[in-house]
Amino acid sequence: MADFLSTYGSLIVSMILAAMLGLSLYLPLMSGQLSLAGAGFYALGGYIAAILSTKVFTTYSGDLYPVSYVLIEMIVAGIAAGALAVIVGILALRLRGVYLALATIAFVEILRVLSLNIDITGGAIGIFGVPQPFGTPIEYLWIALPMLLLSMLFVYRLERVRTGRALIAIREDELAAESIGINPTYHKVLAFMLSAILAGCVGALSAHVLNTWNARQGTFDAAIGHLAFVLVGGSRTFAGPVVGGLALTLLPEALRQLAGINGLPPWLAQFLREGRLILYGLLIVLGAINFPQGLITPAMFKHHRAAKDPTT
Amino acid sequence: MTDAPILSASPILSASSVTHAFGGLIAVDGVSISVQRGEIFGLIGPNGAGKTTLFNIMTGLIAPNRGKLFFEGRETTRLPPYRIAERGIGRTFQNIRLFGELSVLENVMTGRHTRTHSNVLSGVLGLPAARAEERATRQQAMQLIDRIGLTDRAHVRAGSLPYGDQRRLEIVRALALEPRLLLLDEPAAGMNTREKQALSDFIRQVRNQYHLTIVIIEHHMPLVMGLCDRIAVMNFGQLIAIGVPAAVQRNPAVIEAYLGSRKFVDR
Amino acid sequence: MSKQRSFVVNLMVAVSASALILAACSSATTPNAAVSPTTAPGADAKGDAIPIGIGVAQTSNVALFGQDQVAGAKIAEKWINDNGGINGTPIKLVLQDTAGDENGAINAFQSLINQSKVVAIVGPTLSQQAFAADPIADKAKVPVVAPSNTAKGIPQIGPYIQRVSAPVNAVAPNALKAALKANPDIKKVAVAYAQNDAFSKSETVVFQSVVTSELKLELVTVQTFQTTDTDFTTQATNLLNAKVDLVVISGLAADSGNLVKQLRDLGYKGLIVGGNGLNTPNLFTVCKAQCDGIFVAQAYSADTDNPVNKAFRDAYMADQKKTPSQFAGQTFTGVQVIAEALRAVDKKSKLSGMTLEQIRTELNSTLKSGMKFTTPLGVISFDNQGEILQTQFYVAQVKMDADGKAGKFVFLNN
Amino acid sequence: MDATLLLQQILNGLAIGSVFALFALGYTLVFSILRVINFSHAAVFTLGAYFTYALTGGAFGFNGLLANAQLPFGLPFPVALVLGNILAGLTAMGIERLAFKPLRARGADPLLALVSSLGVAVVIVNLIQYLVGAELYTFPAETYGALPPAVNFGTAEHPVQVRTTQLIMFVVSLVVLIALTLFINRTKIGTALRAVAEDETTARLLGIDTDKLILLTFFLSGFLGGIAGTLVGASVSISGPYFGIAFGLKGLAVIILGGLGSIPGAVVGGLAIGLAESFVPGQYVAYKEAVAFAFLFIALLIRPQGLLGRAVIRKV
């Protein structure tokens, strides 16, 4: 078991981070807004944590970086990302559908080029030597797991209260929502901001998990990856993005491990090693085609909900 | 057979010379209407006469090119739809617009958005005030659902309801925001005679119970004639007649409009 | 699709996913089932091969380098085993693809360290990846020899990190001096670099400071580009308009080659100095005849005169039909120094009697002991921080055949 | 000096802009018919270049499964360009069958096509790498015969140098664009294509075989994308399996800027971004990558439907 955890500690943590990034993209999607800006806020959060931990919070006792500092960084990152999101959101959320998606991609690209050009972000090399609050990667679960559970609980609760219903109403029919008094801009910006806060916090933690941070973290590719988490996992319930994030992060690594199984014919082992991304792509295609609703659909929970609900 | 309308001196809704054009097509052309508090006001006319556009202008979905709108004496001309809803105008749509993935109950609870205030944090954290509000909202919504006999289907996806139930649900969702003015866009479309009668009774009931003013677009003449206190007739974007049902029915311009367009189908 | 079916299908996916995970776990234990974490791999009665990890980018957009690194490593494996292995015990490479990102590097390193139980790792390909993955190896006390991480700060990541890739400030200036020697009239200089590449960014800083501070030349313009760029007309036009006598390019082979090609197409006649990223025959396929005359500072020369390099070069030429690149040479060196340090450790006390931890620690301290290695890079050693102490650097000038089909680096005496 | 620089920048911008336009047209054609963005388009761009390279008799490198492979014949470049990109077009048809049609048949969320086509892109890129490695490939110098490397449009004192490959890029793009416009506006199939783009249901009722038209659209899209890839590959070099990715992103900016689904919009957008990039002043060239997107972001805020897109009327 110890062996397992030391081998897969980083992977498990990155799976959980991915699940949260999926959730972050799911939040605006609750109100029907496909925003890919999350990758930009993720990058921003990472830079904030990397800069704070290497340049500001440099005095602490002991070998390990205090966990409390990490939490402070996450709060700062969340606030900064949330504030930026309000500005970007007010500008961009007038756009709909693909236009919004592309405008947010433009935002991500602009941030990336900016981070390559300004000094504080370290250009292409980025910021390295981000201090470690834990002795082994798996211990990041102390922060990541509660964070995932809390954000899941948050979204679960959100879907069942006034604000969440308003978001879903906007997704289902924006005009009808407006005509019963729901302010769509306010709610879209709110969801966008919540999404940015989560992405910013995840970025802050990721900078520690990765030991380093650079401009390659928040890119178009990353944004599309997050989208795949949601669409493969399912976009109609918060469990979808979580499962999608976990599964799609695990998949290439699981394929890597398959290559290591003893007794495989050499050509197959070689294919699994070097061509595993071919399989990965193929599985994404097949997943999309066979599960147009995503792996997890609300219908899967409805049985339980109907049976348990006393008001029925 | 109609209840006596509770008329007051000042109109609850008034439109003055409202005009709107889509591209070159003038959909609403200088329409001025006043709706009195408490009345059931019919809006009829051939397809494409501009009735729904007028509704959309009244509820802020479309901004008029010219003209002004007043609700309860305050101007609403350029307000966004949600502000107008907050002021107390509820509406339904010609082609039903429910939140299909939400349950019947959730649809009606969402209708109470402007009457509730808990914010995202108090809601998610389940603070006592938010919980109490949520409970009250649920109760009020269930009462409304009771009225249309959907109690046992409260947890069904709204999109999966039969057509007639969806129409009724949409009315109830609009009622949930406690409007003082309710705009119904062809609420009886697709219903059979018996259902239409029941709907007619239901509309009258809610008007009396909640002291509502109702404006209704409807093609089914017996329903309109029986239900409405006053009727306005539109054709090619213009108001061609207004008055009590009997007078409107005899108006030659109205007869001409319906015969001319050959769209006067008694559905 | 009925709800029931979708549920069944979902269930099937869940099951097969867990099967994958299980497979992953089982493979995690099977290969080394007999080896407990505290027993050395060489301790088995049958004298199992000693595993050395190669964690480089075999996929992704840096695979071009990774593939070359794998080629270099494989030649080293064969060469060492043909020469008696580690005093009789063969070595065995374990390859793990890091892909081009940080997470990939971390996962590959974890797998090599914990699962394959390698004694040391050669990798990763990019400096950015090194900043992510090296701390993990360092914490696990597994020696890393970086074959191509030239950014500032790599050996300082920790005591278990060393590199055979000389940092840029050691290599870069030589080429500028060679260019100045070729044309002493150079006054105006322009610099162009790949902005999104960590190495190029470090290198250009060195180039620029040498140009202005050391050589006292006028730096007229600094142009940037991306390694993914293909169209360089803007930069080329800007460079031409600056009317410079020398253009200094820091980038990777593809983009730099394209820049050179477009610059020459548009009529640039001055000299060109290329950074270390241009030090690969891959450059020739891009700018062909127009590569001719580029000065490139090199940490590796295929002409280095020692038997190790000769063996390496011959094997590489037989395999790939071209002269070896610096990437292959440095990766060969990485594997070679690990093997030779292991031999030294084994001579002091038998590897088979040591735990894996002891081997790793001993290996690391032997590497850092100042021990000298005769490698394709010349005679090298490491300082106590893990930085390479390389005695020979080279400046080569590209010499292309008239038809532009083949070319070579001609080494200049400096 | 200033006038020549201006002319120089305009020519540079037009050359690369015309390729952007060509590439973006492929995106926009598919979008106009299916209302989805085909993420595998950039991979087809790459594939077209590889196909053409192979058909000209180019040899592959030492890595990958097909190490040292080379066709026993070498076609002249113009022939290879057409044939290679017919192959690219056929591949795009295959992609439609594999990744788009099954989703349509199930009435799935159009967004899902983003994911399935993304999966296809991952497969293609990695397949290329697995088969022929990550090496760079360059078309032989004699591709364009004995033409000089550059043409001077200015005077001897004030040269305005344009690379021959840029001119060829521009001319070929122009020819293909004109041919496509004629095809769409003057032929029966073109009319049907526009009808489907306008309103698929009505077109189906009118007896148009939309399924066949969708296939044709994918073919055209792949053909155009492949030509764009080949032209860039011939002008510079095929820089490995990820060759098209940067173009993929920029192509998205182009079609959004021009207006989704608008053919003239793709051309205008392509030229606009090409010109905008070439006018980035020397000291700010570091920000060149962001120009297209800053441009896009601002343009969207001012005109949310793109330059030549039709305003989306909210249906009430």
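Note that the chains take the letters A, B, C and D in the order they are written out, and that residue 1 is the start of every chain.
In this text, a contact is a pair of C-beta atoms (placed from the backbone, for glycine too) under 8 Å apart; a residue touches a chain by one contact, two chains touch by 3 or more.
All values reported here derive from a predicted model rather than from experimental measurement.
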Of the chains present, which has its C-alpha mean closest to the combined C-alpha mean? A
Chain pair with more C-beta contacts, C-D versus A-C: A-C
Length of the line joining the C-alpha centres of subunit A and subunit C, rounded to whole Å: 32
Distance between chain centroids, defined by C-alpha means - subunit C, subunit D (Å): 34
For subunit B versus subunit C, what separation do you get between their C-alpha means, in angstrom? 72
When centres are defined as mean Cα positions, the distance from subunit B to subunit D in whole Å is 50
Residues of subunit C engaged with two or more neighbouring chains: 1, 59, 195
Touching at least two other chains at once: which residues of subunit D meet that condition? 106, 126, 129, 286, 289, 314, 316
Going by the touch rule set out above, which residues of subunit A reach two or more other chains? 116-117, 175, 274, 277, 292-293
Touching subunit C in the complex, subunit A uses residues 3-4, 6-11, 14, 116-117, 123-126, 128-129, 132, 135-137, 210-212, 214-217, 247, 250-251, 253-258, 260-262, 273-274, 276-277, 290-293, 295-297, 299-300
Using the touch rule from the top, collect the residues of subunit A that touch subunit B in their complex. 154, 157-158, 161-166, 168-169, 171-173, 175-184, 190, 194, 236, 298, 305-306, 309, 311-312
Residue numbers on subunit B that touch subunit A, as the complex places them: 59-61, 80-82, 84-86, 90-91, 93, 97-102, 105-106, 109-111, 113-114, 116, 118-120, 123-126, 130, 133-134, 137, 142, 152, 154-155, 173-174, 176-177
In the complex of these two chains, what residues of subunit C are touching subunit D? 1, 59-61, 63-64, 66-67, 71, 195, 221, 223-226, 228-235, 237-238, 240-242, 253-255, 257-258, 261-262, 264-267, 282, 285-286, 288-289, 319-322, 403-404
In their shared complex, subunit D is touched by residues of subunit A numbered 34, 91-92, 94-96, 98-99, 102-103, 105-107, 109-110, 112-114, 116-117, 175, 220, 224, 227-228, 231-232, 235, 271, 274-275, 277-278, 280-289, 292-293
